[in-house]
Each structure stands twice: as C-alpha cells, then as structure tokens.
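Two complexes follow with subunit A in common, the first pairing it with subunit B and the second with subunit C.
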Partner chain A sequence: MPQVGQGILKGMGITLKHLFGKKITRMYPEYKRDLPERSRGMLTVDMDRCIACLQCMRICPDHCISIEQTKRDADGSGKPKPYAIGFVIDDSRCMYCSLCVEVCPVNCIYHTEEFEAQAYNRLELARQFGERPVDPTIDPKPPVKKKPKKAAASADGDAPKRAPKKVPPKKAPKEGAAA
Partner chain B sequence: MLSEERRVEESALTQPASGRLANPDVRDEFGLETLDMNMGPQHPAMHGLLRLILELDGETVVRCDPVMGYLHRCQEKIAENRMYPAVIPLTDRLDYFANMHNEHGYVLAVEDVLGVEVPPRAEYIRVLMCELMRLASHIPSVGFLMLELGAFTPILYSFRERERIQSIFEAVTGARMMFHYIRIGGVKADLPEDIPQKIWDYVETLEANFQRDFVDLIQGNEIFISRTRGVGKMTQEKALEMGVTGPALRCTGVDFDIRRDYPYSIYPELEFDVITDTAGDVEASYRVRIAECLQSIRLIKQCLEKMPEGEVLGDTGRRIRPAEGEGFGRVESPRGEYAVHVVSDGTDTPYRVHYRDPSFCNMQLLQEVVPGHYLPDIMPIMGLVDPVSGGWDK
Partner chain C sequence: MQTVLNLLEMEPIRFFISFGAILFLVLNLAAILTMAERKTAGYIQLRYGPNRVGPRGLLQPAADVFKLFTKENVSPGRADLWIFLGAPIAMFIPAAAVWMVIPFAPNAVVANLNIGILFFVAVTSIGALGVIMAGYGSHSTFSLLGALRGAAQMISYEVPLILSLLGVIMLTGSLSFVDVVNSQGPNFWGWYFLPQLPMALTFYIAGLAEVKRVPFDLPEGESEIVGGFMVEYSGMTWALIQASEFASMGLMASINVTLFFGGWQPPLEFLDLGNFNWIWFGLKTALIMFTFQWIRWSVPRLRMDQLMDLGWKILVPITLVWLFVTAGAMLVF
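Right after this comes the complex of A and B.
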C-alpha cells in the first residue's frame, strides 16, 4: 500500500494555506456591505408624485399593493383628478419582483436599500402611505370602468374568458370571440 | 453458519433490483427479515425535503422508494392564472440553484409561441448569465457531495465562490437569488458599465485557484476515493432507459448536451466541449462537474469578448398576448434538461404551463441504482443526482 494518506496530507496543506490567508467572512449586523445601485429592497412610494393610475396595483402578482382612490383638486386647477387617499404596501406579500416599479409612469414607486423586514405581527409589515389607512388583508379589486364592456366582445370579458378553457384550446378563442 | 448466510444474501443481491425483494425464500430459509426505514423528509444530510422509504437487509438496501411532494407549491396551476410576464418571477422559485436557466427556458417557450425577435446583445447577456449560474451551481454541488462524505472544508470554499458570483448577479439584476432578469424579448436592463471587467477579473482568479481549491483538495483524497469509486455505478443503457440527463448521464459516457444537440440562443457560435466520462459512478460525476466548470469559464470569456453593442429588449408590444398555439423551450440546466411547454389560447394568461425539471426526472435513478449499496452510500449517490427540492416538487 504505497502512498496511503498522501492525498489527505495534500488537502490539509491547502487548508493550512487558507488558514493564514485573508478572512472572507464579515460580522453581519455590525458590518453592512454597500449594496449595488440596482439592489431591490423594500418598496416605498412618493405620494406627492403619485397620480393614482392604479397600474402598480393591477400588475402586482401577489396583490401586495392596495390603493383607495378618490377625486380631488390637488393642484388647484379647478378640475378634480384621481387622488390616492389611501396607499398600502404589504411587505409580507411582496416578492420584490419590481414589476410595479417598471410599470409606474411617474416613477413614484421605487425600491429602497432596506431589506430587513421583520415584525412580530403580520400587520406591522403593511406600511401605510396615504391619509386614510387601507386594509391590506383584502385583495385589491381595481374599479371596473368602461373597458370590460368593450373587451367582452374581444374575448377578454370575465364570463367568456374562462368558459372556453373547458373545451380543447383549438376552438376555444373563436367561440369566445363570437360571444 | 454466519458465512453461509452472507453468501446466500449476496447471491440474492446480484439479481436485478426488482427480483431482490421478491425473493422471500432466502429470508424464510434462514429466518432473516428485512427492516423498513424512513429516511427524511427532515434529515440533516438529505437534499431538501425528500423522504426515502428504504428496505434494509442488515445494512444493505434492497429497496429504495423516493417520496416527493413535501414542497409542492402548485407552480403550474398558479401560472395559469397569471399574465405571461408575471410568471417569470415564479420560475425563479423552481430550481433555486439554477434560477437563470429556469427563466431562460420559460422565456424561450413564450418567445416560440409569440414569435418575437431577440436582440443579439440580449442573447449574449443571457448566455453569460446562464454560464455564471452554472458555475454557481456546479461548484456548490461538489461542496455538497463532500459534505455528505463528512468533509466540511470544500463546502466553505465552494460557497465562497458562490457568494462572489451572487454579488455579480446582484449588481446586474438587483437580487442575489430571485433575479427576474431575463424577460420575454430580451433582458431587463443592460449590464452596468464596470461589470464585464469585474466578471472577467473574477473568472480569471477562479481559473487560477480552481485547481488548488476544488481539484487538488479533493481528487487524490483516499477517503473520497474509497467512498465514491464504484458507488452508484450505472450503465449507459440503464441511464438512457430511465431518461437521465445532465452530468448524471454524461458521467456514464453518453455524449448528450442540449446546448450542442438542440442548440438555442447563441450556443452554436461559441466553442465548448461536451464533457463525458466512462466510469458512471459518483467519482465520475464529480470529474464531469469539475470539467464543466472550466468549460463554463471558457464560454463566459468568449461571451465577454464577442458581445455586440445594441438594444437588450425586443419589441413585444404593451400587452403580451400571443396567438393560440404552443411553445416549447429547452435549456441545459446544471442538472440536465430543463424544458417548458406553454399552451396559449389567445388571452393574457397561459392556458397551460408545464415544466420538465431534471431534478424530478433524474430522481427515478435512485430506485434502480441504490439497491445493493450500503446505507451510507445513499448520500454520495444523492450527490451524483444532485436534486434540488424546489425543482422536483414545483
């Protein structure tokens, strides 16, 4: 049995070399590294810029944004415009996909560098931004406007959309379009 | 008496796996009984949440049934109720050691049904990110294999490298694991200005230290050799029969790689070798993974050299609503063939999304390969398959 133990000794030599090298670990809570520019942390909203277009609420896959919309003449032009009187971001649901940030037309919702979201209670993670608090536990339902009536003809309405899925997909959209 | 018992046992074990169990005569004759044992789902050495129902004859396994489903999240059903772009962050959560490949596979399938043009720079960035992801998956795989054999050092070195790659990902995509970077029609954003140089520097240092930290440290080690050589041996025919893909297939000698045989993206323009080994055991799978890491480094360097300038996101329109039809995308993930099948019915949401995950499909190898081995050999064999919990349960 020649050279038994040589491989182990060689490996131990390598670990010994690393022992005297530079340390690669850091003490996290005391030391915090700089985050890169694109880092996606907790969301926040600049309410002065928000135009209450509800696009972020619609696109959010996890329903973590709820907005309560009213009409108010905020800029004094004499014409009431949509105004977000209540705005809540529920961090217990958010998955940091940044779809809402990309869709926002005025860039008022954005990621911060904060990532340590912890609380004793789930409701503490829901951060309110508006004047009036919104219940974050209810799934937001965007207000239905004229659109669905028009869209129903083009296979986008609620009733004809799900029905064709039962039949083979080949024929389905045609029936939906006819309805 | 004892030696006689052992001889009969061994003769029973040389039969095919299905025959070993249904051989009650041997046991009845000597009054031997097998022992049923559950390994997992919560087991310190187990890969994720997997339960193995084992039938033991002494310390030899005669039957091994994997039970899956402890991490099932209905990913395919959820995808049916979401719009096409909103499924991409979900695919990150499938095989959480190969997130980029998951995104890439899904996006290829949707682009297939949508028929969108992808800018060349986006393709290069995709391949660059995927190869970095392969490094970040293969290196810890080796570390996990060694951890299961009782060596703690390699996992620390491999996670050091993984953390560095994740830092690159964070600078490019904004997240360390759940990237949401590859989009339908391209990628989310161009690389930051300093990143190509950073990747190049990192890859150079990795290449310089690779031999020392992952080859010399492990390859000649006597314990490693005695625990892995000849363990989990699998023939080419059996591997092909079971539909195994990835390093587990290539270590048996089958020359099959999606990147070369069913080329996607810009792989035809790049030079790389498909690594094979002939032994078909755990040690061979380790050698294949190590050699594939070096090939990935080669691909990354080529991508950085050849990368053209230009747009990174093609025009998909405001709403992604493909015509009715089917799309299929397959990529070579670190564990094997990852494929996505998307069926569209002309609405905003997919009619059906199906993921073929290599972790799930390679798992049936356990039933054939494990019987006949000793109980402690299960863990090195799991290192050969290298399944990921999020992948097999979806």
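Right after this comes the complex of A and C.
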C-alpha cells in the first residue's frame, strides 16, 4: 500500500522540474546553427567558368537543369566555342543528389549553404543564370545515346525507325540549341 | 448612478447581462485554456510552445479561431446530420449553463438556486449525451467506439462524483453553493478540504474523469482511436467541442474550489478584499486548472478495466466509508 501513487508523484516531480527548467529549443529563423561540412544546399553556377558542355543537364535525374547553348568567341581567341547563353536550375524539381556537381569538369556548378527554397508559385523556384531566360516548364531533352538502336527497333516496329532517316537532313542545322 | 444600477437589477436586463457575461467568460476561458494547455505542454517538454503570433505567442488563440472559422465544415456522407451537428451544441450548453450557479464574489452569482448542487449534477450529466450523439451521429467506427467508452466512463464516474458531494451537503445542511461558501469561513482551516480530505480527492479524480482529461481520456484516446467521438468533426463544430471540453474543465475546477477550497473566501481573514474577492476565486481556480494540465502531461492513460476498477472498487467505497465517518462525527459532536 505505501508505494501506491509513488510512481505518479515521482513522474509529476520530474515534469514540474522540467516546467521551470532551461528550454532546449533553438528558435530557427532567429537562430541558425552552422550547417555540416559538405551539406547540400541550393545549387548555383559560376557562369564565367561554364564551358557549356551540357554534362550536368544530361546527368540530372530530375531534368531540373536546362541550358541554351550557342557558339560564341568569348575569350577573343578567334575560335567560337560553346557558350551557355541561357542556364536555368528549377529548384522545384531538384532533389539535391549532387550528380551535376560531381560531373562538372570545371567545377562551376556547386552547392551553396542556402536551403530555404520557398515561393508562392512553382515557377518562382526556377532560377535563371544566363543572359537569356530559359523556359523551365519545357522538359530539356538531353541527346539520347544511340547505342540501343537495334533493341529499340525490334520493340517499336518500323515506323519510328524510318522517320528519323527522312528527317535528319532538314533538322540537322537547327540542332545547335539543345533546349 | 443609483437608478442605473437599479435598472441593471431589473429582471430581463439582468438576465441578458448575466447571460452575455457568462458566455463571454466561458468562450474566453476556452480560448485562454487552449493557449495555456499548449504553453504548459511546451514548458514541460522543454520547449517554448507557441511563440510566433503576437508578443510571446499570446495572440495564438485569436489566430486559431480565425483559422477555424475559415475552414470548411466537413461531415461524413452517411452521417445523421441533425444528431451530428446537434452534438457540439448538446455538449456546450451544459458546460456553459452550470456557470450560472457559481458564486464568483460575495454578491456575484447569477442564480442563487437553493438546489444549486443538484442543478450542477443534473446538468453536467447531460454532457454525456453530447458525447453519445457525436459518436452515434458520425456513423464512424472510431467515433462509436469513443462514444461507448465515453458513456461507460461518464456514467460510472457520476456515482463517486455525487457521493463525494454528500459530505459537504451534510456539513452545510444546504444544497446552495452560496451557503456552502459562506459556511466555510474566511480562513483556510475552515474549508471543507480538511475534514473532507478523502471526499475532496475523490471529487478531484472523478471530476477529472467527468471532463475526460488525460489519465481518463479514453473517449478521445488519441493514440488508439485517433480522436474518439470527435474524429469526424472539423472547423467550427470541432472548435465548439474543444471549447466545451475546456469550459467543462474550468467548470470542474471552479466547483472543486467552491465546494472544498472555500470559493471566494480568502485564505486568511486579513486578506479579505471585499467585492474583489473574485481574485481569490480566480487564483484558486487557476491553480486547480493548472494541476489538471500538469497531470495531463505527466500521467499515461488508464486501461478500460483499470478505469472501472478505480471508479467502482476504490472511489465508491472510500466515499461511502467517509460518508459514515462524517455522519458519525456529526452525531457525536
């Protein structure tokens, strides 16, 4: 009989102690703790270093990067090189997998420590970096490798196989812009 | 000035004013108690609780009410709409109406009924009807389960609740709350919680079960039957159920204070504040309400059989024994 209610009293003592105890809450918008090393925030691009190789666009699993490419003689060497005139990263699709960062040959795309990606409209999350804005709603179709051609031909039938054969001479000059 | 006061004393005007005052008190009490509940929960769990809206989060209830008013009131397709929508009203009216008979200060009581305690017992038990209506009208499994538990719990805890009032009634010789408070005297050793300690404890525990607070919140049972009888409610109907829960919690605390802790009587005679004695009433009620919240965030929920054991095998015998002790003492002295 004497131990009836002792557990309850003990527990209520603990809660009473906590009631006046020091709070451990970190109030987030006012207090921001340091992010861990190698944390993946929102992506950013250093456009001066970008060589418009389109590797990030190809490897992106979510198709969140689209690049509009032209040839331009940017460094005055007299020889036009690929130049990214439009560059958009759509944060509403990005899943922070960091594949583009790994694949970039000149380390011009990298994570920042920004992580508060919020907007009233999904299109506001698409951040433009180039001189000319790129429409982020159009799915950037990275050039498909043509290795599985035979397998695809047997599966799809003859019709899709023949169509590209006729078209290429007409469309070939326009395919400089990959967006 | 005197004529204006006399005008206020006239019957229809007095009725409407006290009606408005009681409604104002109850609704604001519900809003403040939700805030206090969340703050207490936060502080006990080493958090701060809501602190974004207004200074130190004090405008949170206003934001909550605004949100709930703008929400859609969804009702299940197969619900019985009359019962479904009538249930929050059937819960709120008893919780608000009993405030009429509580004396807040020496002359501040809306209706000095000579059967005040009987009125309290009769009207609060209507609250169980609201719970049953909510569960039955929703046409939902969890709701019905919660309502059945609620009915079983509230009806079986009425018994120790009423039995624990009998000692006070015997000592006072009256069923009026005003007489009970007056007979307790302005010193804390004259209050009834000392001679009636087992009764006061029983009333406290049974009251806790009667207002469905946490160790006895089986009708709600958040972790097992989601929200119990109020699972299907949303928007303002849900808010009304919450308001009636908090109003009945405040009511139970104030009845506790009135019957066992001296009502508006000051703890020591020289602290008498005259007409401002409602401050003592408010302080004591707030303390009791705080203990309700403190228990809520410290104690786990009882099982159904433990609940019934506590009610029928412990509380009822204690009250019966102490009833005879009180009667014997009154016969001897």
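Everything that follows uses one rule, which is that the second predicted complex is superposed on the first by the 118 of 179 C-alpha atoms of A that agree within 3 Å, B and C clash if a C-alpha of one lies under 4 Å from a C-alpha of the other, contacts with A are read in each partner's own complex, and residues count from 1 in each chain.
Here is the rule we use: contacts are C-beta pairs under 8 Å (C-beta built on N, C-alpha and C of every residue); 3 or more make two chains touch, one makes a residue touch a chain.
Note that the coordinates shown come from a computational prediction; the quantities given were computed from them, not determined experimentally.
Participant: Which one hits more subunit A residues, subunit B or subunit C?
Facilitator: Touched residues of subunit A are more numerous for B.
Participant: Name the contact category of A:Ile24: first (subunit B only), second (subunit C only), both, or neither.
Facilitator: both
Participant: Figure out whether A:Ile8 sits in contact with subunit B (first) or subunit C (second), or with both, or with neither.
Facilitator: In the superposition, A:Ile8 touches subunit B and subunit C alike.
Participant: Return first, second, both or neither, reflecting whether A:Leu16 touches subunit B, subunit C, both chains, or no partner chain.
Facilitator: After superposition on chain A, A:Leu16 lies in contact with subunit C alone.
Participant: Which partner does A:Cys97 contact after superposing on A: first (subunit B), second (subunit C), both, neither?
Facilitator: Touch partner of A:Cys97: subunit B, not subunit C.
Participant: Does the superposition put A:Ala74 against subunit B (first), subunit C (second), both, or neither?
Facilitator: neither
Participant: Which subunit A residues contact subunit B in one complex and subunit C in the other?
Facilitator: Dual-contact residues (subunit A): 8, 11, 14-15, 18, 24.
Participant: Which residues of subunit B touch subunit A once you look at their complex with the stated criterion?
Facilitator: 82-83, 85-86, 89-90, 153, 157, 160, 170-175, 178, 180, 189, 192, 212-213, 216-225, 324, 343-348, 351-352
Participant: Using the touch rule from the top, collect the residues of subunit A that touch subunit B in their complex.
Facilitator: Touch residues, subunit A against subunit B: 4-8, 10-11, 14-15, 18, 24, 35-40, 59, 61, 95-99, 111, 155-156, 161, 164-165, 169-170, 172-173, 176.
Participant: Would you tell me which residues of subunit A are touching subunit C in their complex?
Facilitator: Subunit A reaches subunit C through residues 8, 11-12, 14-16, 18-25, 27.
Participant: So in the complex, the part of subunit C that touches subunit A is made up of which residues?
Facilitator: Per the touch definition, subunit C meets subunit A at residues 40, 43-48, 51, 294-295, 297-299.
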